[in-house]
Structures are given as C-alpha cells and as structure tokens.
Amino acid sequence: MEVSAILFYIFAVMAVVSALGMVLNVRNTVAASLSLVVTMIALAAIYVLLEAYLIAVIQIMVYAGAIVVLFLFVIMLLNLREDDFAPGRQWLVKFGAGLLGVFVLIQLLKLVGPGLPEVPVVPEGYGGYRQLGILLYTDYVLLVEMASLLLLSAIVGALILAKRNID
Amino acid sequence: MPIEEICKTLFIILVIVAGLAPIITWIERKQSALMQDRIGANRADIGGITVLGLLHPMADVLKLMTKEDVVPQGANRMMHMLAPLIAALPAIIAFGVIPWGGIYSFGDTTIKMVAADPDWGLLYIFAIGSIATYGAIMAGWASNNNWSLLGGLRASAQMISYEVTLGLSVVGIFMVFETLKLTDMVMAQDTTLRVFGFIEVFGGTVPAFLDWVRLPAWGIFYQPLGFVMFLTAMMAENKRPPFDAPEGESELIAGYFLEYSGMRFGLFYMSEFIEVIVIAGVVSTIFLGGWAIPFLDQATIIGGIGSFMGEGFATGLCVILHFMTFMLKLIVMIWLQMLLRWTLPRFRYDQVMNLCWKGLLPLSIANILITGAVMLLVRG
Amino acid sequence: MLADFTGILVILIVGIVLVCGMLGVHLLLGPRREFSEKQEPFECGEKQIVSPRQRYAVKFYMVAILFVIFDVEAIFFYPWAAVFAELSWFGYWAILVFTLPLAVGLLYEWLKGGLEW
Amino acid sequence: MVPIEHVIGLSSILFVIGMIGAATRRNLIVVLMSIELMLNAVNLAFIGFNRLWPGTAEAPALDGQIFVLMVITVAAAEVAVGLGIIISMIRNRDSVNLEEVSLLRW
C-alpha cells in the first residue's frame, strides 16, 4: 500500500474515534468539543490527501479555529459541565437511534456501492487558490454576494438574541 | 529526498528553534537591563567563567527540568498536561514554511532553503496560529483556578480578535505580489522599485537622474500601513507586553499558566520566545525582503562572482550571503520587538479590544479596497 | 503537490518528539512530594472562596461571534487577492459588494454597543 | 490513492454518528455540535466526488469545493445564531436541556 493510503486510514480512524468521543461523552462537554476539534483536523488532513489544499486550510481556520472556539466559549461562559439526561426510557431512545443509524448507514452505502470510476490524475493547479478564486468571482459571484448577506443576517441575529436581556 | 528533508528540518528545529530561543531570553534580559540602566544577567558561571551571562539560558533550562511538577486539586489532569503541548507545538511547526534562503542549483541538484514550500504558505501560518488558541483556553479551564480561567478567557478572546486583523492586513500584500507562497514573495522582492515610476502612469516621462532613485522592492514600501497593522496583530497574538493583559501580573497573577510549574511552565515560556522568532521571520519575509540583499539580486551575485571564481563557488557564497542577510533582518526584527516590549506600558484590556475591532479591522478593510482601486488604476 | 507535505509531516513529528521529550525528561528529573496544601489552587495565599465554575460576561461570546463571521469573510478575500489582477474591475466590484453588507454589520454592532467593554 | 468508495464510506459513518448524536443527546450545545459533524461529513463527500471528476486544467470543475466553501459559510452563520438562541434560552430557562423547551414562545 502506498503512504497516502495508509495515512488516509489512520486519519479516518482518528476522525471516527473522536466523533464517537464527542457524541458519547456525557460527562464533560468541554472534552466533547475538544474531540470535535480532533475530528476537524483529521478531516482537514484527509482533504489534503484528496488534494483539496485550500479547503483543507480553510477547514482548519474556520472549523477548528473559529467555530469550535465559539462552542468552547459558550460552554465555558455558561459553565455547562455535566449533561443531564432526562430520566426514564433512555435505553429505548438509544436503541431506536442505533437501529435507525445502522439502517441509514446501510442505505447510504448501498447508494454508492461499487462501480465508481477509477480515481483520475488531477489536472495542474487543482485545489489551489487560483482556479478556485477565478471560478468563485466569475461563475459563482452571486453565491459570494449571497454569502455576505447571510453573514450580515447572522451578525444582526446573534446580536439581537444575545444582547436582548442585558440592556 | 526524504533524508534531505529530514536533515533540513532537523537543522531548522535544532539549530534555530532550540538554539536561538534560549539565547533570546538572554537578549531580552540584556535589553531590559540596558534600558533600565542595569547590568543584567551576569552571574551564572562554570568555574568562574561567565561569558557575558550567556550561561543563564542553560541554567534556566536545568532549573526548570529539576522542578517539581505540581497539578492543583480539582484540575482536569489530562487537559492540564496537554495544554502546554498544544501551546508549544504550533509555534515550532510554524517554522516549516519560513524560507531561510532562496532556491539554488548546483549543477543538476536544486536546493531549497525551506522545509516545506506549499502554495499557500502564509495561510498555513494563520491556520497554525488559530490552533494555538486552544493551548490558552485549555490551560485556563483545566487548572480549576479563577485567575487562570479569567486569563484563559482574555487570552483566547484577544487571540481570536487579532487573528482576523492578522489575516486581513496582509491581503494587500497578496494583491501586490499576486501569490500566497512565501518563497515566491521573497523572489518578487529581490528586485528594485523605481520611486518615480508612477509619473509614467500619468503619461509623463521619468527624467534620467530621477530614474536612478530606487528602493529595494520590499513589501514595506508597497504596504506601509499593512506592515504596521501586521506587526501589531502578530505581537498581540503572542500576548507579550504591551499586549499582556491576559497575563497581567498585578491583576491576574500570571494568567492562564498560573498553575504550571517546571518544564510545563517552561513550554509556555518557550513558546512565547519561539513565537518572537516566528514573528520576526514572517515579517521580514513578507515585508523586508526575506533573504534578498538590497540592490544586489541573486543573478547578479552568481553572474558577477561566478565569472572569475566558478559557478559552484559563487552559488555557495550566495547561499551563505543570503542566509546571513536573513539572519540580520531576523535579529533586527527581534530587537524591535524587545524595544517595543520594554518601551510601552501595558494596555488596558478594553483598549486592546478597541484597538482591534474599532481601529485595525476597519482600517485593514479600507486598506484592501484602496490598494485594489489604486493598483487597478495604475496597471490599467 | 503532495510532496510539499513531507516537510510539514517531518517537522510535525520532530516537533512532537522534541516537546514530549522535554516533558518526559522533566518527569524523570523532577521530584514528587505532594501534600494537600501544596495542591491547592493558588489564590495569593488565601483559601479558594469562589469556585471558577461559574458564569462569565456575555461580551466574550459577542467577540467570538464577530470573529467567526469575519474569519469567514477573510477566507473569501484570500482567493480573490491572489487572482485580483486577472479579474480586474469586475472582481473589484464583486468584492466591494461583498464587503459592504459586512461593513454595515460591523457598524451596526458598533452602534448597538456590541463592541463595548 | 484510496478508492473514493472508502472516502464516501467514512463520510457516511460520520454522518450517521452525527445523526445519532443529534437524536439522542439532550444538551442543545451537543446537538448543535452533532449537526456540525453531519455538515462536515457532507463536505467530505463533496470533496471526494470532486476528486473523482476534477475537470481539466483549462476548464476546472471545482463545484464540489465551492459548495464546501458555501457549507462552511452557512455553518458559521448557523452556529452564530444557534448559540445566540442557546444563550437567550439560558437566560430565560436556566437550562440547555432540550426536554424543557417545549413551548414555542415564552
């Protein structure tokens, strides 16, 4: 096996284990969010192996560096240490969710199945900022403008929601 | 290929990081002593030989190594242990993309004086810087101490605030050099800039005597405002004075690493000093021309000396000259940071945040838009 | 392109070994004499009165939100800046229209007092 | 290079983990983190499929990567507003437990 394949499986295991750590950790929410960071970084490494370099860096900058920091801030500011499960019939919910999960997983894998073409050799400059920048600001320019409007609404919404009861 | 890579990396880490970082602690002590009219570190000796106090860094490391490792009650042991690792590691691996010299060819073999040369070198440094935030948060949270937690919160809020400015203040430089690759940026700075060249934009001709007035084509001359903002943001990221509100001895005792002792404290301490070198390296690469010697580009050196001493010798000499130039610029930038650290008093925390959100952020966005308009007008 | 990452991988591994080695040597050399007074959280010699597990000001959260938004804004700037000459005026107007709502957002936050400390 | 089937398999596994988390956990913050995980899984699928059909050097087909950029933007906006809702919920209810938020208005 080549090195990149070995690295892929290492990072895949890392991502799955830390994702499970995030979901199953009921005692410590801070640790849960930190294991989400590990998932994000492992995914960024997989993006690198898939030769999407710019997206990999953006993944680390935005997901690992910004979004999870925001989660951590809220958890620390509100001091949410333990997660309190509601009593009664927990096992039913968990069992149902597990069953549903297995079902969905089988369906999803059936969708892909075998029969995807061979992985081609990437063209020159794939995954770099040049091609992405040109496409983003010519063909997809409307998307960019809409993203900016979305971010504006997020600023206004967050400010109104969080500030309302202070003043 | 891998052997060569490993040698290069080992050289960078062992010689520059592990060698330069302790010496910087000595430089800082001597600098502070100079500015406060004292003598400074001069006591540590081996058999009576003190070597200007240069043995102090070694004594420091030995002392930190042999101290007891105290973990406070109620602390989260695992996070308490991981936090210094996460704080120190990003500072070290940021060195991977800083070019210590150019690209040279000896016959068939090409040598790059950089450990890794990805297409988006500067973004790599930003991404790593954003991971470094976790060190402060984790240290503050895991210690079960009020001061630590407050310091950690302050540190992380300050770091994430200045990260935005850090990213936006160099966009102007990306536009000027049209690349995000650090080696290409330095290469673009290895020429000269005609100061009066702008006359041609308005249809005039440059008189011959004015055409001789030239500057090295460094980023600082294209983006002076960007340089100031970038340096400020980098220094605030590093949380050293005057931006040390998260550590504020008089109010928070020591901030987020209050509960650390021995080498774990040492890692936090070391990471600050390593970051000083990173800042100096990045700033001198982007804004001060990196390894480029002013008015003397690589082709001229190799062509000029190579004509009578042989190509190989000239290239070798060029490598040494470039490395020395880079080290000189590095040391000047380190010295500038030390000077600022011992000159300015600590900012209040609200001043730090206002400087970022109300000052640098609008300014850097305006800088981008104005740079874009001017460049499009000039280049047509 | 993947070859660029050999250097990063090597420096990462060497960095981890270096840092862990330092901590390991410290654990070997350092003494261990624990007793409960020493392990108390350091509060200038006083007993800890208030536990740090409490709630803090919402201002930090406002900063973090603004940071997330402007970080996303910055990632749209980077690819634009690198190909800015090719895009010419069209790209410039695109980025101007992109920046305007965010500038308005910053101004709104400023006027509403979300930036006050 | 790994076959893309494995990448999509990893993406499916992460998606299902996120889904189970969103369905079973009661802590609203953890639910939001699980949703982030699901978005990430989708991003991975986008990147994987884009690697399979990368276009040519003259006419690159980077739709997958651009979609990922957009997903990241949406995720950032979503987190900002979602955590705002959580903070205002804590002010009113003093809890982040989903069970206790059964009223549409308060």
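The chains carry the letters A, B, C and D, assigned in the order they are written, with residues numbered from 1 in each.
Keep in mind that, in the parts below, contacts are C-beta pairs under 8 Å (C-beta built on N, C-alpha and C of every residue); 3 or more make two chains touch, one makes a residue touch a chain.
Just so you know, these numbers come straight off a predicted model, no measurement behind them.
Specify the chain with the shortest distance from its C-alpha centroid to the centroid of every protein C-alpha atom present.
Looking at where each chain's C-alpha mean falls, the closest to the middle is C.
Taking contacts as defined above, which has more of them, B-C or A-B?
B-C
Could you please state the distance in Å, as a whole number, between where the Cα atoms of subunit A are centred and where those of subunit C are centred?
About 17 Å separates the centre of subunit A from that of subunit C.
What's the distance between the Cα centroids of subunit B and subunit D, rounded to whole Å?
35
Determine the centre-to-centre distance between subunit A and subunit B, using the mean Cα coordinates as centres, and give it in whole Å.
31
Spell out, as numbers or ranges, the residues of subunit D touching 2 or more other chains.
69, 72-73, 76-77, 79-80, 83-84, 87
Show the residues in subunit C shared as contacts by 2 or more other chains, in ascending order.
In subunit C, residues 1, 5, 56, 58, 60-61, 64-69, 71-72, 75-76, 78, 82-83, 95, 99, 106 touch at least two other chains, as defined above.
Which residues of subunit A are in contact with two or more other chains?
4, 49, 51, 53-54, 58, 61-62, 65-67, 69-70, 73-74, 76-78, 127, 129, 132, 136, 147, 151, 154-155, 158-159, 162
What is the complete set of touching chain pairs?
A-B, A-C, A-D, B-C, C-D
State the interface residues of subunit D toward subunit C in the complex, per the touch definition above.
Going through subunit D, the ones touching subunit C are 69, 72-73, 76-77, 79-80, 83-84, 87.
Inside the complex, what are the residues of subunit C that reach subunit A?
Against subunit A, subunit C makes touches at 1-2, 5, 53-58, 60-62, 64-69, 71-73, 75-76, 78-80, 82-83, 86-87, 90-91, 94-95, 97-102, 104-106, 108-109, 112-114.
Okay, in this complex, where on subunit A does subunit C touch?
So the residues of subunit A touching subunit C come out as 4, 48-49, 51, 53-54, 58, 61-62, 65-67, 69-70, 73-74, 76-79, 81, 127, 129-130, 132-134, 136-138, 141, 144-145, 147-149, 151-152, 154-156, 158-159, 162-163, 166-167.
Which positions of subunit B touch subunit A when the two form their complex?
Listed in rising order, the residues are 76, 79, 118-120, 123-124, 126-127, 130-131, 133-134, 137-138, 141, 149, 153, 156-157, 160, 163, 180.
Name, in rising order, each residue of subunit B that touches subunit C in their complex.
1-2, 5-6, 8-10, 12-13, 18, 64-74, 81, 84-85, 88-89, 92-93, 95-97, 114-120, 123-124, 143-150, 153, 157, 160-161, 163-164, 167-168, 171-172, 174-175, 178-180, 253, 258-259, 262-264, 266-267, 349-350, 353-354, 357-358, 361-362, 365, 368-369, 372-373, 375-376, 379
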